[in-house]
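As written, the chain order gives the labels A, B and C, with residue 1 at the start of each chain.
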Amino acid sequence: MEFLYSLFSFFYQFGDAFAFLVLSACGLAVIFGMMGVINLAHGEFILCGAYVSTSATHMGVPLPIAIALGSLAAGIAGMIVEVVVIRPLYKRPLDTIVATWGISMIVTQGTLIVLGTTMAGSGTPFGSFTVGDYSYSIYRIVLVVMALATLAALWLMFTKTRFGILARATIQVPHVAEALGVNTNLIYSLTFGLGAALAGLAGGLYAPTMTLVPTMGAAFMVEAFVTVVVGGADIFLGTAPAAVVLGFIKASLTSWQGQLAGQIGMLIAVIIVIRILPRGISGKILKERA
Amino acid sequence: MSSASRFTSILKLIEGPQTLGKGPKFWSGFSVVLLAACAYPAFADSYDVGNNVYFFNWLFMAMGLSLIWGYGGALSFGQTAFFGVAGYAYGVLTINLGDAYGLTLLSLVLAVGLSALFAAILGYFLFFGRISGVFLGIVTLSVTLVLERFMAQTAGPEWAIGKARLNGFNGMGAMPSLTIPWPGGNIVLYPDVTLYYVTLALLLVCYLGLRILVNSRFGNVIVAIRENPMRAEMLGYDVRKYQLATFVIGSALAGLSGVLYTSWGNYITPASMGMTAASLPIVWVAVGGRTDLTTTIIGTLAVLMVFQSLTIYGSQYALIVMGTLLVITVLIAPRGIVIALISPFMRRKSKLEGER
Amino acid sequence: MAILETRQLNKHFGGLHVTGNVDFALQPGEMHCLIGPNGAGKSTFFKLILGEHLPDSGAILYDGEEITRAKPFERIRKGISVKFQVPGIFKELSVQQNLTIALQHHVAPEILQEEIDRLLAFLKLSQDRKQLAGNLSHGQKQWLEIGMAVALKPRLLLLDEPTAGMTPDETFATGEMLQELNREGMTLLAVEHDMAFVRQIAHQVTVLHFGKIFAQGTIDEITADERVAAIYLGEVDA
């Protein structure tokens, strides 16, 4: 019995790590995979989602709707950023990473000035349950389900909807898509908006579990970065398997040595992976299939 | 070739295609600035002079980033990691060794060496793994962010190396300043006129040394790698080794900044490796014009002074201005504002010919 | 002995064989052109020789020495040099600097300038030495890259469509340049589409089709071969 308890505990840790990696990375991965842009303001879209959804819950909006609002707000903010800053830089992808860093600084410090050093949280809903000697948060299980649902929704969106098909066409052969009458600018805006909305979703979902401070976005960045580095440009063949592998490493190290060891171990694992698989897991898979 | 003529041929590299500024006009301007910098302590309060060494401390890291990013084309967004490693190493070493017998100078060398070693190990995995542009940026940034978090949780008494407590979030203090052993009494480099001159001299040596480096054959190759790594490899260069060497030199300079800063303020905190700290060198170097050492220095000093004068209103306002400056630079003057301002006057210099 | 030889060279991506069991030999002093319809595996074959791709099986020998898994820069140091299809030059650097970088690691500093001047004259770029390479015309960029490749004093020069995008006059001048290099003893292997150019320079022609050697011979033999004409018209399947 003791063994089953610790097995459950490990799976809980793993699911928690997996969900955090998927949710924090998928917005970054969508934008990188489709546009080749690494969005360093990713953490600030997460911040936006967290703050908007928490404010909404303070106003009495039910949590699921509040989270959707947070995601929507981040998505709209993302589309504005795309038009103003990203679009002029399409031909200079390395410059967009620097420009989005500038935006990140402006948003973090602006939030600090306008809303102060911290915002009252909304508390984790649903309570907890007990297995063996330990109690576990039900909300963490909800987050795992949400991570899987997000992946499923993205898969449906990119394979079954008109937007998804046009988006993939635009990314692969922009001039052909344009010649066929696709509004490529709109597609880029929507894609960036989608990435930002996913970041906002992560922010909204995790807001009830964290302290809300203007620099909270940075807490997601390392996980989002390493997942994208290992996963490469493809969200389904890359990000999801990367999150499984990294989640396993993180959960093992976390249950052995604590939270920080999980993070350090994950980063070291990634740096070693780079030496072996320079194009990430999806690069490896795609190369095999090409 | 005799050693004397070899020496002069090395000295000639102080001017060359990879550096703006050549000929009598540039060097007389340079001399005027240098003389002004030397004369400055005579006209100012020694307390202010010591405080203003602060500006010089950062220039080493800025030049290192210019070398790696501007000349070498590698996005290293985590230079603060090497700053922090060297800063903490200096603290730990000097607290344990003390400041007698020039041991602080030994600590400086060891701390800078440690940051270079760290860069060599990290760089080996990254460059020999042939990681591409943006990935290099986010991995190096992740490294500095994780180091910050690691140091921030070392508050407990178990986190001590010898006599040195790491002190977590609050940072480490009370390490001795750099001390030069001298007959008739050690010279302690408190923030004062002496430290000013020592730092200025160090800066001059590094600046001129880097000018020679970037105009040398090594410099030719790293610029070639920035322009077209495949072509460089197909000219027979082992691109990975050149990238690694550039990364180690640039990071050692960040380490030097870290030691000088720690010794100057007798203090270092984990925040020096955080997201905000990591973003500032990017702003200085991008605004100045990262592809040239001189514009990098001008830009860094200008931006630092603007930043300092704005922090009177609160550092968050200053940081908003920094972020805005960065976005505007990238959008309007991607080669840097200083380069954009001087380029109309330097039409005939081949380095700026034919702006895209 | 052949200067370059491939034995049973294989490379496939997934199920698709891009080169299948290629046995190829290049004699010293030869000017050899590699032709074939799009997708024939020409550029993959080139990348295998350069080490940009590693083969799944088979061997590559340079001067009798196996280089199958050597790193690209190691092959260059053995005496192979390459000119890419898209001009691979250092755009933000001057013409003179481009050549300096190509020359500096095997030419003594005292004679560096002399060598640069000689190359500039050969490339007809003496007037443009201070110009940024990115500002040159397309044809001049191609020449500059040929100059950089030649600066290494290679024994074997690989050229991937060296005349792509050139005017007929530039193409002809390029042909003369290559013939001059060949007279000085350099072996050349070029992928080329322009049949007039192939006729101008090639001693021997190899036709690749679906990753296999389809025909080999002089240009007259090849143009007389009806099967070769047919594959260009898409009438023959592998």
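Note that a residue touches a chain if its C-beta (ideal position, glycine included) is under 8 Å from a C-beta of that chain, and two chains touch if they have at least 3 such contacts.
Given the structure is predicted, the values throughout are model-derived calculations rather than measurements.
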- Taking every chain's C-alpha mean, which one sits closest to the mean of all protein C-alpha atoms? B
- Query: What chain is the most remote from subunit A, judged by the mean position of CA atoms in each chain?
  - Reply: C
- Task: Would you mind pulling out the distance in Å between where the CA atoms of subunit A average out and where those of subunit C do?
- Result: 46
- Cα centre of subunit A to Cα centre of subunit B, whole Å, reads 33
- Residues in subunit A with touches to at least two other chains are numbered none
- Within their complex, subunit B touches subunit C through residues 9, 17, 217, 220-221, 223-224, 227-228, 230-239, 350, 353-354, 356
- Touching subunit B in the complex: which residues of subunit A? 32, 36, 38, 85, 88-89, 92-99, 101-106, 108-110, 112-113, 215, 218, 221-222, 225-226, 228-229, 260, 263-264, 267, 270-272, 274-276, 278
- In the complex with subunit B, residue positions of subunit C that touch it: 50, 71-73, 76-77, 81-82, 84, 88-94, 97, 100-102, 104-105, 109, 130-132, 134-135, 145, 148-149, 152
- Query: Inside the complex, what are the residues of subunit B that reach subunit A?
  - Reply: 75, 77, 122, 124-126, 128-135, 137-139, 141-143, 145-146, 149-150, 153, 274-276, 279, 282-283, 286, 314, 316-317, 319-320, 322-327, 330-331, 334
